[in-house]
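The following pair of complexes shares a single chain, subunit A, combined with subunit B in the former and subunit C in the latter.
On to the complex of A and B.
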């Protein structure tokens, strides 16, 4: 084996691992420039927002509703091992939902439901030459296809997260009341939620709302061949977007913890 | 003699295979050019290179007298405003209806056309391809021939100086094919644009084209009139133009 074989292999691995983030950064910067240069028409933006919200609302409600209910069951079970005081279960659920599970689980649902849709749509346009037809019609595909989806997804991630947190807390409160006789007044306590928690939730929403459509669109633009290529693009989209959400969750939570103590 | 578009010694390698290998093509302005070649000879790649969609690895693409700069997006957009293209697999936007597809280059270009003018130009483009009144239909509601006619209308609606048609009659019956070739010839005659038309259907091409170019293994093996091509020394050229090998 040559002496340089291992460093070359490591270098090749690093370069290949760095390629997707580089492509996301380029696409994000092009989308941001497109949004500033020529904001998308209102009807196209509203249609994208409706599409994203409509596609995800039931999915998010069911997932977060069950998550809220399960969290209360688990919380009560753990609390009862120490001392049978359930007064903090609601406050803890609201805190955790606001800063962590609300934005992150909602984003994972959006990555699954909306991200794959974006990747499949753009991917099928690539393999059927529609993207090239757009270019030859003097239209920038990033400006036309990606920028409105980024803005719409950013807005709808906030909206869906707020909705998801409300559903999760409501489902948790219902379980707490029906199964463990925790009163609503006790359950709906905001005493564990402060500005830092709200900021953490908001920052995560913004990061996920931008990252998901960019990653999905980039996967779509890489599609090649035929329907198999579109299938790969959607798979790559959901894997990369989910991984990015979890990674950003860790980074944002760590930074906010370091800043706020 | 003025050329609207040229490829000069263009070379392009895809997946390690040279698909364009010293391709020299010159399209005389205001003429209807037929591009002929065997399957996988590089016709589509030549057309995409002319439409500035495929940057060559080496060589020059000269459009309207200026070498295209594939690194300068602004200048590319200026050049593309003068090009219309119909793609081999039609490439109609499935999220728009027929009228929306034809209007797309007018509405979304760098200099959008006023809405009133868009409607009249779309209407006349659809009427020209025999689809007046079909503007509200979705692309999937149309037959293959109708979809190709919509694609022709979209390529022609900007009255581009260079129009590129890639296999506009692929998979169509002889009657529809003759009609589509006739439509393209009418569009060219009315606009005076430079038109290049790739097809395997040399019989019908012969009825409408002024000049022929034969693509063989990524390079132009012949340029000239059909009689000259049929008398060419290279049997491959004669065979591709429909003559005896």
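On to the complex of A and C.
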């Protein structure tokens, strides 16, 4: 084997691994420019937002409801080993939901429900030449297909996250009251939530809300070769978007931890 | 006029075009023919900026468009329109509204005026009586004609039709052929047709470009084609299942 083979293979791997993030960055900047230059018409935006909400609201409610209930159950179990004081269970749940599980789990749900939809929709337009047809009729597919979805998804990630946190905390409070007799007044305590936690939640929502549609759309644009290609695009979309959500969660949490100590 | 100068294009290891030289003249009906997968669509997509060559130059009306940006392509795409094989009509709009759409979006023409103009374009392709029908309610050949009518709305000088008769029956194909002849003879358009429909080719072509193995194998009028002694051309024209041609 040649001496240069290994560095060359490493180089090729790094280049190929850097390719999707580069494409996401390009697509993101083109969508942003399209949004600034020509904002999508309100009715198209509203119908996108409705579609996103409609697809995910039940899904998010069930998942986060159970997550809230289980968290309280587990939290009480752990707390009771140390000392039987459950007064912090509600406050802890509210804190961790606001800055961590609310945005992140909701985003994972959106990536599966909404992201796959975007990838499949754009992917099937690509394999049936409709995207190229748009280009030759001087309609920018990014402006027409991606930009409104990015804006709608950004807004709806906030909305769904707020909803998710409410559902999770309500479910948790219910379990706390019915099973462990924690009073609602004790449970609904904001004393562990400060501005940094709210910011963390907000920043995560914004990052996920933009990343999911961009990654999904990019997967769709990459589709090739018939309906099989569309299947690949949706799979790649959910894998990449979920991974990106977890990765950004880690990065944002680390940065905020470093900044606020 | 569309000019290819030494245009090469590969996808991965597959060389689809290999130093292709070709000039497509104005107001002629040029047929680009060849077996499936030889790169006919790839060739014409270079003329509207959907693909760019790995090497070589593409010129439209004397302007080198090889390195054009999307913004620079806009005016070129108004002069030269590509009509795809699959229908790209919107299913939820009537034929008239489908035809009116580009005028409303790009020509900034008011709604009722665009609809009137659309009716005129549908008349030009002989479909005015079906203007209020939905795409799903008309025959595939009629959808093709509507796509062509829609392409005409921006008054292009040149139309590129990718496999306009593939999948149509003989009668429907003949109607599309007649429309192609009408575009060039009566409306003075340049028409490039990608096809492997032999009957259509010899019926209306002014000129035939035969692609084979990533290169132009023969380029000339139909008569030159019939008279060719090239065994590969003979096999294609004769539609023989066996022969020297590799697919």
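Criterion: the second predicted complex is superposed on the first by the 261 of 261 C-alpha atoms of A that agree within 3 Å, B and C clash if a C-alpha of one lies under 4 Å from a C-alpha of the other, contacts with A are read in each partner's own complex, and residues count from 1 in each chain.
As a convention for this text, a contact is a pair of C-beta atoms (placed from the backbone, for glycine too) under 8 Å apart; a residue touches a chain by one contact, two chains touch by 3 or more.
Since the structure is predicted, the reported quantities are computational estimates derived from the model, not experimental observations.
**Student:** Identify whether subunit B and subunit C fit side by side or clash on subunit A in the overlaid structures.
**Tutor:** Aligned through their shared chain, the two binders clash on subunit A.
**Student:** For A:129, select first, second, both or neither according to whether it touches subunit B, subunit C, the two together, or no partner.
**Tutor:** both
**Student:** So in the superposed three-chain picture, is A:144 touching just subunit B, just subunit C, both, or none of them (first/second/both/neither)?
**Tutor:** After superposition on chain A, A:144 lies in contact with subunit B alone.
**Student:** Just checking: does A:18 make contact with subunit B only, subunit C only, both, or neither of them? Give me first, second, both or neither.
**Tutor:** Touch partners of A:18: none, neither subunit B nor subunit C.
**Student:** Subunit A residues touched by both subunit B and subunit C?
**Tutor:** In the superposed arrangement, which is not itself an observed complex, subunit A uses residues 128-130, 132-133, 135-139 for both subunit B and subunit C.
**Student:** Using the touch rule from the top, collect the residues of subunit C that touch subunit A in their complex.
**Tutor:** For this pair, the touching residues of subunit C are 45, 48-50, 70, 74, 77-78, 81-82, 84-86, 88, 102, 105-106.
**Student:** What does subunit A use to touch subunit B in their complex?
**Tutor:** 125, 128-130, 132-139, 144
**Student:** Could you please specify the touching residues of subunit B with respect to subunit A in the complex?
**Tutor:** 48, 51-53, 77, 80-81, 83-85, 87-89, 91-94, 104-105, 108-110, 154
**Student:** Which residues, counting only subunit A, touch subunit C once they are in their complex?
**Tutor:** Interface residues on subunit A, with respect to subunit C: 128-130, 132-133, 135-140.
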